[in-house]
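In the two assemblies presented below, chain A is common to both, partnered first by chain B and then by chain C.
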Partner chain A sequence: MALIGKIVLFIVGAFVFQVALSGFSRKVIARIQKRRGPVFWQNFYDIGKLFFKKTSISHGFIFDFGVWMAFGGTVATLLFVPVGPYSVFPGQTNFIVIIYLLAIGSLGMAMSAVGSANPYASMGISRALTQMFGYDVPFALTVVIMIYVHRTSQVAKLAAVQSDIGWHLWVMPLSALVAFIALMAMLGKKPFDTPIAPAEIASGPLVEYSGKYLGMLMVQHEFATFVEVGLFVNLFLGGGSTLLIYLVKYIIVYLLTVIISALMARFRVEQTVAFFWKWPLVLVFIQALIIIGIGIR
Partner chain B sequence: MWEKVKDITRGHSLWMLYYCTGCGAIELPPTMTSRFDMERFGIGPMATPRQADILLVTGYLSTKTLRRVIYTYEQMQSPKWLVGFGSCTLNGGIYHDSYATINQLDQYLPVDLYLAGCMPRPEVIIKGFKQLMEMIKTGEADGWKQYQDNREWYRENQKKALGDLLYTTR
Partner chain C sequence: MSTLIFIGLAASLLIYAAARLSRPLGALLLMLLSGAGVAALILSWGKGFTETLPLGNGLELTFSLSTFNWPFLLLGAFVLFIVSLFAVNALKEMEQGASFLALLTLIGVSVLGVFGAYDFLTLFIFFELMTWTSFFLVSMGKTGAKKAALIYAFMSMIAAYLMISAIMMIAKYTGSFSYSDFMGMYEAMPSGIRTTVIIFFLAAALIKGGIYPVHFWLRSAHGDAPHVFSPVLSGLLVKYGYYSAYLFLLFFPVMVATKAGITQVTSTNGPNFILAFIGGLSIMAGTVAAILQSDAKKLVAFSSVSHGGYVILALAYGTNMAVACGLAHIWVHVLTALGMFLSMAAVAYRTGTTDMDEMGGLIKNMPVTFTVYLIAIISVAGIPPLAGFVSKWMIIQALAANGSYILAFMAFFGSIGSFMYVFRPLATIFLGQRPHKFKDVKEVPFFMQLSMLVVTLLTILLGIMPYYLLKPFTRIQEFIGMEPVRIGFSTVYSALTQLDMMLVFLVFGGGFLLALFIFLLFAKPTKVEQHEVYTSGEIAPEISTTPEIYHFSKGYYRSFGRLFSRWPSVEAWYHKGASYISQFFEIIEQSLFKQSINGFIWLAVLVMAVLMAVRWF
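The block that comes next holds the complex of A and B.
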């Protein structure tokens, strides 16, 4: 019973925090463009409005099931990420599990979008999965180096060990740079927003979603953001000894991606993959050689 | 009470799909970008009819494109609102005697709000949208409901303008 309460608290807390923060990031973007911008609780209105729509079109069983799969997969992932000193299942924060469950979100969305039979959706999904090929390899390698050095794949332990040796951001700076670029691609921020290019392929995978379906996918995206930024904070910025420190680090990393995104134009999808397999991959190999050659001291 | 909460939420978040085959599209970029900044009221552009709440029909509407507007409107999910932009949707404007345009948009689709002018300036657009938001919050703007109730009447008018073309996909 206590566990269920903890899970609900965790999910609701992550939802409120991340939706408010992404509303605030719209304000930040507006200020960069010399505008006033919406109020920071605007995203609550948006999500609420979508759930209050009177009708939502379904395109069959696969379409519905994919949405639930994406949503459920992402919520499940959320429960394995340590937030500061807290985690829902202490000692169960394995990186392999997280990265495995996180893929369910994308795959569920792929299934659902293809179920809608809209060509724009298929295009968007093929772009999203191609882009995933690009950023997953360098990002996984940065973490593999860490796992090799510390002989553990628990995210909470990898975060805790940084209080002894210093943040991984300083210990392995090239890795941190690569992981940050990969994080931008995971979040779908510019210049890596080919999958949901609204002016180009009419918001890609989301093209056929309406009402409740779109609302669920927006919530899913917020949760996925919470997981992905949380991974970066835990792996490279030492997590947090208290909840507050963790959230401050989180806000800084997230707003940094937003600000960079506001200043960028969009890559084409083949440029994205070529970029990831050229520069970040080379950098992470150099980092691996350094770590293997001279150790982390 | 719960309906009231829903209406207020809807009134604060309007996603807009603009149908700009006529003129008037040029007034929208300044409304959206830094100078007039539509986003501060929660109004934003959307890419597809499925996601949108508002259909903005700008300028004159030729009989050929009316069919696409009807399809687009019917693809949107209710509650949805239609805004006629410019004099041409109101009474034909300077094209009132043309054989190729329709004169009154509300003969074919339920219009919730007209923005008169040729062209309406961004100030007018923002004022109009604020008024629409008030109407949504009080539950006054119910064009989508009227379209369901008076479907026969609208269908008849649409057929009069388009003939059998209404149902073809050419």
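The block that comes next holds the complex of A and C.
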């Protein structure tokens, strides 16, 4: 029973926090562009409106099924990520499980989008997968270095160990830089927003969604954001000894991605891949050499 | 077991005769035979025996059923069982269906002989049996299959040559063909001979296993072989290569080392690292090549190259975690290769093509085939909670625990790249716009569905309960004296952490139900037709677009391909080398053997020169 309570608290808490924060980030972007921007609870309105719409369009069974899979996979991933001192399944915060379980959400969404039989959606998915191939490889390697050094692949332990040796941001600065760039790509922020690219391919994967489908995918996107930014905070900023510290770190990282994104133009997709396989990959290997050479202190 | 082999040989004749009468009958016979094999092996869990079959003249064939080859024998019987079940319906339109089934039975005999061998002579004889039967099987395919079969036979001959030289070296030194004599003399052998033997055998294993850079026969053999045979080729025959790699990387050295009292063998020494590196290269090359294919079967063939890389990498890496992973990955790959190739064969059975650019939207016609393919690719991509994730998790644990960054990079490269290539058939064959010509395509018949669903079910069950996937291999580890990987019913423990697949499955299932609940809570959606999509304000039927035009499939990853447009290709080098060689011989042919005036002039000049030289000195 306590477990179910914890699960509900995690899901609802993540939803409220992240949707409010993304609403606030719209305000931040507006101020950068010298607009007033919407109120910070605007996104709650948007999601509510979408869910309660009377009409929504379905393009067949796989279109629906993919959305359930995306939503379910992402919610499942959420429960494996430690938030500050809390985690739903202590001892099961396995990094490799998290990053592959996140993929099931992406796969579901990809399947559903292509199932809509719209070529724009298919194009967007092709770009998204290509881009993922670019950023996931260097990102995974940054974590492999950590796993090797600390002899554990539990995200909670990797976060806790930083209270002794200092944040990984200072211990492994090159890794942190690479992971941050990869985080931008994971979140689909500019300059890595080719899969969405509204002006080129009509919002790509999202082109056919409406009503509750779009609502569910918006919530799914917020959950995925919560997982991805959360991973960065846990792995590089030492997680949080209390919930508040964790959330403050989280807000800073998230707003940083939003602000950088507001100032950037867009890469082409193969430029993204070429970029990630050039500098971030080289930096990760340099970091690995440094760690092998001088250790972590 | 020798009785079984004779039964198998007789059965191949019987099955031929039966299949001449009716194809399904022949296939059912083969299915019963291999099904009995699967059942007998499962019942013989934990038992073992050795027997000899004298050939006269002092030669004898030795067979053995033991812990170390049990999973491989089971694998062979299982693949034949599934494929013959599939063939009950699939062979109807094939011209040489009867001989196809008879040859498939001979493959079954070679399974017994290769995996059940306990001496090198038996191993070699049955290896050759497999090569020649599969040569004929490949050549039964569509146009171009003859050439593919020739390439395959040529590569197999190189492998056979390497193997027989190594076996003769062993025989000359130890005076016998037996595995146990070889292990007894292993330490006493001069290191030069031992190294040569091992290198020859491993080279043969790489060729047979389709590992980069000697992988190229796989592309043509898979692409052009009969659709029903491709699952056997990828699910079973490349495993012969992995098996000989397993013998020489793991079984012999570790058994020998255990006798000498060393309990833990890790292979971080140079030669093994080189082999692991070759495995890693195979992962990367196979992945990139698979992404850029437009023929579904060739795509899966390259994914086999990539997965063979994982097996070789893990076996060569040699920590107990890596070894368990490498062995388990062989089984995982059997399941995924069967799933992918069988669903492609099912699609080809109904549509007559494997070209991804031509198809689309087939999920409406073939939902079962789609499900099978979906489950298979989730496992290939290593996404939890399926069997593929267990072995991916284990290899990454093994590599991260020892800080092998470059190999870890290669493993991640293959695993993330596999999302790209497995998604392409899903998107372009099963999803998207369905062309008019495929409107009336039907789902495949019952037996084909059944065989595919067995594979799918096993993929899911072995994923949730990794105990059954890993137990045979931890038992091998115990048998050869290695420290086994610690496993529970649904958990795997590594030095770094633990993995509970049941928990992952339940949490994902819970999330899925939550999504379903939220979905059903709100208003019912309206269903629309496939042409009713966003078209920038135009109405699709009015601007006379066809589904083919409105389906994004040609050049699905063209932008990714641009990255590699200027990269060298090993296959292009082989072609270049071949053309140089043929040019060289052409010069000789033209100057000496052609009936032309030039040839005679050359010959005359040569004779004159010789005469002059003789006179002069």
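Throughout what follows, the second predicted complex is superposed on the first by the 297 of 297 C-alpha atoms of A that agree within 3 Å, B and C clash if a C-alpha of one lies under 4 Å from a C-alpha of the other, contacts with A are read in each partner's own complex, and residues count from 1 in each chain.
Just so we're on the same page, contacts are C-beta pairs under 8 Å (C-beta built on N, C-alpha and C of every residue); 3 or more make two chains touch, one makes a residue touch a chain.
Small disclaimer: the values here were computed from a predicted structure and weren't measured.
Asks: Tell me which partner A:Ile57 touches in the superposition: chain B (first), chain C (second), both or neither.
Replies: Touch partners of A:Ile57: chain B and chain C.
Asks: Check the residue A:Lys34 against both partner chains and state whether it touches chain B (first), chain C (second), both, or neither.
Replies: first
Asks: Which partner does A:Lys49 reach: the first (chain B), the second (chain C), both, or neither?
Replies: A:Lys49 contacts chain B only, not chain C.
Asks: Could you say whether A:Val207 touches chain B, chain C, both of them, or neither, answering first, second, both or neither?
Replies: In the superposition, A:Val207 contacts both chain B and chain C.
Asks: Going by the contact rule set out at the top, does A:Ala140 touch chain B (first), chain C (second), both, or neither?
Replies: The answer is second: A:Ala140 touches chain C but not chain B.
Asks: Under the stated touch criterion, name the partner, chain B or chain C, that contacts more residues in chain A.
Replies: Touching more of chain A: C.
Asks: Now for A:Phe285: first (chain B), second (chain C), both, or neither, which partner does it touch?
Replies: Once the two structures are laid over each other on A, A:Phe285 reaches chain C alone.
Asks: Overlap of the chain B and chain C footprints on chain A, residue-wise?
Replies: 52-57, 202, 207-208, 211
Asks: Give the list of chain C residues in touch with chain A in this complex.
Replies: It comes out as residues 361, 363-364, 370, 374, 378, 381-384, 389, 392-393, 396-397, 399-403, 405, 408-409, 412-413, 416-417, 419-420, 423, 426-427, 431-433, 495-500, 503-504, 507-516, 518-519, 522-523, 525-528, 530, 533-534, 536, 550-553, 556-557, 559-560, 562-563.
Asks: Going by the contact rule at the top, pick out the chain B residues touching chain A in the complex.
Replies: 6, 9-10, 12-13, 15, 33-34, 37, 39-42, 45-48, 50-51, 53, 76-79
Asks: Mind listing the chain A positions that touch chain C in their complex?
Replies: 7, 11, 51-60, 62, 64, 67-76, 79-80, 89, 91-92, 94, 96-97, 100-101, 103-104, 107, 110-111, 114-120, 122-123, 125-127, 129-130, 132-133, 136-137, 140-141, 144-145, 147-148, 151-154, 202, 207-208, 211-213, 216, 268-270, 273-274, 281, 285, 288, 292
Asks: So in the complex, the part of chain A that touches chain B is made up of which residues?
Replies: Contacts found on chain A: 26, 30, 33-38, 42, 45-46, 48-49, 52-57, 198-199, 202-203, 206-211, 214.
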